[in-house]
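Input: a single structure, listed below in structure tokens.
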Amino acid sequence: MTASSSSSSSYPRPYPTLNPPPSDFAVKLEAPGVLHVSLSRGKLNPWSHTMTLEMRRIFDTLATDPLVDVVVLSGEGRAFCAGLDVGSSQLADLASDEGEEPAQPDPARIAFGLKQHIDEFQASLTSMEKCMKPVISAVHGIVFGLGVDLMCATDIRYADEESRFCIKEVDIGLCADIGSLQRFPKIVGNDSIARELAMTAREFGSEEALRIGFLSKVTKGGREGAVAAALATAALLVTKSPVALRSTKQVMLHARDHSVAEGLDYVSTWNSAMLQSRDIPKAMAGALSKQKIRFSRL
Amino acid sequence: MTASSSSSSSYPRPYPTLNPPPSDFAVKLEAPGVLHVSLSRGKLNPWSHTMTLEMRRIFDTLATDPLVDVVVLSGEGRAFCAGLDVGSSQLADLASDEGEEPAQPDPARIAFGLKQHIDEFQASLTSMEKCMKPVISAVHGIVFGLGVDLMCATDIRYADEESRFCIKEVDIGLCADIGSLQRFPKIVGNDSIARELAMTAREFGSEEALRIGFLSKVTKGGREGAVAAALATAALLVTKSPVALRSTKQVMLHARDHSVAEGLDYVSTWNSAMLQSRDIPKAMAGALSKQKIRFSRL
Amino acid sequence: MTASSSSSSSYPRPYPTLNPPPSDFAVKLEAPGVLHVSLSRGKLNPWSHTMTLEMRRIFDTLATDPLVDVVVLSGEGRAFCAGLDVGSSQLADLASDEGEEPAQPDPARIAFGLKQHIDEFQASLTSMEKCMKPVISAVHGIVFGLGVDLMCATDIRYADEESRFCIKEVDIGLCADIGSLQRFPKIVGNDSIARELAMTAREFGSEEALRIGFLSKVTKGGREGAVAAALATAALLVTKSPVALRSTKQVMLHARDHSVAEGLDYVSTWNSAMLQSRDIPKAMAGALSKQKIRFSRL
Amino acid sequence: MTASSSSSSSYPRPYPTLNPPPSDFAVKLEAPGVLHVSLSRGKLNPWSHTMTLEMRRIFDTLATDPLVDVVVLSGEGRAFCAGLDVGSSQLADLASDEGEEPAQPDPARIAFGLKQHIDEFQASLTSMEKCMKPVISAVHGIVFGLGVDLMCATDIRYADEESRFCIKEVDIGLCADIGSLQRFPKIVGNDSIARELAMTAREFGSEEALRIGFLSKVTKGGREGAVAAALATAALLVTKSPVALRSTKQVMLHARDHSVAEGLDYVSTWNSAMLQSRDIPKAMAGALSKQKIRFSRL
Amino acid sequence: MTASSSSSSSYPRPYPTLNPPPSDFAVKLEAPGVLHVSLSRGKLNPWSHTMTLEMRRIFDTLATDPLVDVVVLSGEGRAFCAGLDVGSSQLADLASDEGEEPAQPDPARIAFGLKQHIDEFQASLTSMEKCMKPVISAVHGIVFGLGVDLMCATDIRYADEESRFCIKEVDIGLCADIGSLQRFPKIVGNDSIARELAMTAREFGSEEALRIGFLSKVTKGGREGAVAAALATAALLVTKSPVALRSTKQVMLHARDHSVAEGLDYVSTWNSAMLQSRDIPKAMAGALSKQKIRFSRL
Amino acid sequence: MTASSSSSSSYPRPYPTLNPPPSDFAVKLEAPGVLHVSLSRGKLNPWSHTMTLEMRRIFDTLATDPLVDVVVLSGEGRAFCAGLDVGSSQLADLASDEGEEPAQPDPARIAFGLKQHIDEFQASLTSMEKCMKPVISAVHGIVFGLGVDLMCATDIRYADEESRFCIKEVDIGLCADIGSLQRFPKIVGNDSIARELAMTAREFGSEEALRIGFLSKVTKGGREGAVAAALATAALLVTKSPVALRSTKQVMLHARDHSVAEGLDYVSTWNSAMLQSRDIPKAMAGALSKQKIRFSRL
């Protein structure tokens, strides 16, 4: 089935592949190949343990679903994400030993439980990075703590002009552990500003976020404006060869974490298969004829 | 002893833990938990071999001293640091073989001596990076050669608007070897500008330094202005949980030098202990009650 | 022979060391120690397989030639480089199995051929990075696809104000594999903008390229302006100690791909030999006497 | 519940946590804390795609199950595992494009499918490595191809004296891709013998496998002998502190893939939590009193 | 042309692809697909600078020559290789500055020359490792210094029972720099014995070399016996799919230098192309029918 | 002063450089250039915190002392080292929070203290690895826990035939954290046997230790025999060029922790200085004349 084969259908429409649908996310197909995943838990989308589990299920599902080429991530309500819902998270339980001798909690056993919990939490957000399909975050309002972690695991970041960002964790007595400290400095490419923001928990706005390279674009009109800009970019991306697009994401993720020499060896290995794609002559013919090409699903 | 237990004392006051006090640095407690380390060797603070030894002793001492939570680094006199004092350094001696057959210097034996000398020199500056407590550099005037190396090993960088920076080494016939070539590109996240500045030894001012991300803030009023801004940030940082603050520094240093996957595993291991801290419920309670929290010393 | 020993000769003049001269490049000595390598294949310099072979020969030759200290890379005609000349490249041939049983092409055998082809192509551009002598690219007009790969392998990048850049590969159905995806994000230090540009194949101009750190300087006056600026920087660089200059390039390339600790060990090993250079006392004496120094060839 | 709280129960007994039970594996608790996982698919246990899925489910389940401390892996029937069941695997399907234009299979799209398939397959076996609980393989008879991959992902390897091993893949026209080429050389610590065995597909017996370090022990009596030896070691391991045992596995896996310096930093971070365990005073008291200790479940 | 298509030709016969033939090596085709490269410089094959250049030319040539599938490396005369021919090497010249001011040699300029010389020397031997075709060394007599470096860069090592090995460099006042210190410990997998042998320059015989894993096989009958054993293994290897064989070498070299996780990702990328090979169904059909298969050249 | 200049002096004799002498070690010069460091704390040499501090001081001192070329490490009394002296170590104190609110110990603050303690402990043993001079351990009797850690940080390992080894930590409820889990698998090159020994805490004797490659030699005659063998090897090593010997240690340590390609680049950089040594012509002349050479001190 080609990307446009369902173009007569009305969009947006439900996303049939996820069954049962998640409870704290709204997921819908906005256009052929474009899936919109929205945090949908109250006005400020405080993150619950349920969301950790659901996010991983959503992205593991769409990763292999030929109906999806590009993903937009946003938050419903007044803000993208105000951070962790401390009450709903498992942290409080985990940080006390629920074993057989509760009177003497064992810090080692608690530590095993906490590490496993953090690893799962990280894996949930990393599922966005691993899915090989471009993910565009479109945020508005408060983007604190986990909200920043979420954005860091996406590929392209847009925000409404009135968004407010904060690497908040140090203010609740801990160091961020779901990805911001690892990814943010590599996104903005500036270890200096990253350290300052993480150590002071200072709020910063969209303009500064754009200037330091955390954002690619600042939009107007609140959530709607940000999402519209993301959907426009998504509409552009679905016209590209999916072989080329996913290869680019995979190869860039590899390059980020390796030396240039290792990255070059990896991409030449990768492309030894991919350069045999029929998409290349198709794309070249399209470029010559100035006609739009329909690439096969991948 | 809590951070504020000595709040009735007058500040600044001497730093009692270092004994004997260093000769080429002025070290004093500016506020509870805030240590101010100043280069203090003539007007331009040319760096001597004594300073290499003293800096390491200062930072190895404060690293484990519960009286210190945050460090400010500045230079007394007309400039932060004009570079290496070639006469006072050991380089000239080292570069000629002082062995038993001086008539035939052995380049290999000289090389062993030079490597050991450079390793020690690097270790002295790296002691700032390793101490786990945030270090804010506040500079003014000329910041050449070793002055840039010094700033690169701090976490947050402020400078007076009239500061002048230069990766000067190539102009005296050598490649910088005390950290600038390793850290500067990762601080500014721009390999291109880093190579140009290092190859041409071109001077650049505070405005450009801010724009490329070497500085977090440009201040007015000479040394006083820069130091005042640094002390203000230090005053903010000492209100944070020291568990959270030091964890953040340690984890970000690890992340800088590892892949994202390795960084995530490290922080989840780290936080398996740290999330058991009593600072977290304290900080959360403080956030709810809007009251200021006193964290225990670490 | 010292750098200025041929200063009475007229420049530019032919580069005698390359024999036979390449067919698709113009190579000349613009000044003592300064080699200018120009793409010279039609108006838009579409890249041919011949150029891959010739570029490697040029840079392997100049790497060990004491006549050359600095290199300027530009493109003759209307543009620096419009990308790969698909017809002239070997890709079409390689992507179909030319073995004994053409009726049933074997994707594995094709893959071996493609990997070898990409590896050779990469090695050609990497020869610029490996040559230890600073390479300054000075571009104008269209800089698409391979044009960006080429710039990424140089040390300093200047461009005319009307240049247009594009990481174009995704538009012809493939992921870039000659270095842009590996080097561009480390040059600009911003993984976010790099991913967006590579995924969308969006064109960007000189102003944006300067802002994100891909360029060090934007010039006026078309190709001439860009080349003049590059030659001016080259003229500055040839006055430096070649020991210091090449060491700086080598050490920064190592630092880019290693942790800070590994980089520090490498530079102290490197400098254990290089600090014994006679260039250092020469340079210091020159700095004191304010006289120009002539360093020996390296 | 302590490890011995169910000592009055009869063993072996079913493993209740897996529900529904897998179809191609027999899984039972052989003793308190000791789970025995047996390949159970015909006489030679040819590996099916179902087994890939079931193995991951088994190990993901037991990884967090406090009933399990140690795992024994064996094969029912005449052999541990004769390799991949080519008919039952998905490879044949995957290697031909099942897309919309079957007449022109696209090698790039096939490659995406194959990579995803191999990644899943690897993840299934890696689940043994990741589960933090020691896994002892006890094999007999033919151990070819995937059989070797399976053993490589376990911690301790025992085999009957008449076992026959072979890294067989090269004989069916491919290079092994489920872990043998990565793990075998690091297990035996001898790159030379590893390359010879992988390139020639030469069979080798238990004696040679012991000598080169692939096995820790050679047993007599066929499958029963090997399993009995493994269960005896498992019985020893369940008497150890689970904090110590799992820490040891985790830390050694990290050390295998990192430099000594990185490994040391990791274990000191790890043990900053684990040295707070109540198991340490318990174990010390036990050592002094020569009494057997019961450690709490983890 | 299939591997056996020239089976009616008489072997050994000259190797036509190398032109002109090297002066210090004898190179001949011993059987279809099997190239025998012999050091041929006097009785003890002392290594000359010419040999460095010729070896690289030989291996760069055969790397892409479809006539060659497997290589055997041996030494004519009384020994495989007694080490560097100090007189014929360039070291003596390089270690003194031949620049403009010979009275004052510059250790830094000498160092540049030496590094370039060592890099070239290393690259020559590394060409054996990089050629993707299995290389079997078959040695006899004295194997000292560079002789060990040479063997370390091959895949499989056989030796006559009376061979004598020595990592000799420390006895002539230097540390080995052409690969032994890097590869030997990873071949034998025993850092301890490697350090002892390198530090003491102690001779060791074939039996010990076999026991520590440096050799795969010890043969009788001097050079003839070792070469015959190597040719027998080569005869076996040429019956394998060249896709499988070369993939195995490439993937194992990658695995040696990376973590298991990185190695697994690399091989799944590699095999996403290679599993599409027609060799796999051919090999499987051959295995079922017990008939010998002819694979196409690669 | 050359190595033999004090040959008329009587040996063994005190080591004058260490002042004050350590309390729990006996340190003496056994021969010119050969320092013997013995654990000297009761019959079984249980390790105390004092020893951690003293060992670092000893090795930091000898690292730069021209009187010392080679070190032998042994234990006086009935055993090399029976492990940590739990009573004398700081662990018990550290594992409980000695802060202001002892009733509620903070696991996070305890963790900071523990990490710092382990880091210091590791650094003490790593000082043997870092000192660049070969260290030979010569052990007898019980070698448990820390005793194995100590041996792992030396270069060459000899043991009396009746020695008994054990990676004991798991039996006292913790995972070894002073180096065994990092170094032992790389010493024996066998991850399999390393995991089994670490997980089971099984004792093993000298014969097995020799077979798996942990030892280079097994001696007779108790402590005297082992020490005599080590001194004989030390006597051989002091006749070598110290430039060559220390280079070999440094380069092999680097190679152990890096890829072959990185190791090759490092050694060519290293030797670009070291090949300029006067020791090389001296050593060559000595080899020709069969005369003993005296190398200058380093």
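Chains: A, B, C, D, E and F, in written order; residue numbering restarts at 1 for each.
FYI, a residue touches a chain if its C-beta (ideal position, glycine included) is under 8 Å from a C-beta of that chain, and two chains touch if they have at least 3 such contacts.
Predicted, not measured: the structure shown is a model, and the values here were computed from it.
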item	value
Chains touching both chain B and chain E, listed by label	A, C, D, F
Required minimum of steps from chain A to chain E, each step between chains that touch	1
Inter-copy rotation, chain B to chain C, in degrees (Cα atoms; steps of 5)	120
Same or different residue numbers at the chain D/chain F copy interface, by half rule	different
Chain D-chain E separation of Cα centroids, rounded to whole Å	35
Rounded Å distance between chain A and chain F, as computed from the means of their C-alpha atoms	49
Touching two or more other chains - residue numbers and ranges from chain C	107, 110-112, 186, 188-190, 213, 243, 256, 261, 265, 269-270, 272-277, 279
Interface residues, chain E side, partner chain D - complex	134, 155-157, 186-190, 213-216, 233, 236-237, 240-241, 243-245, 247-249, 251-252, 255-256, 259-261, 263-265, 267-277, 279-284, 287, 295
Contacting residues of chain E [partner chain A, same complex]	254, 265-266, 269-270, 272-273, 276
Parts of chain F lying in touch with chain B, wherever the complex brings them together	1-2, 64, 99-101, 104, 106-109, 111-112, 116, 243, 246, 273-279, 296-298
Touch list for chain A against partner chain B, complex	86, 91, 94-95, 107, 110-112, 114-115, 118-119, 122, 126, 129, 169-177, 179, 181-183, 185-186, 188-196, 198-201, 212-213, 256-258
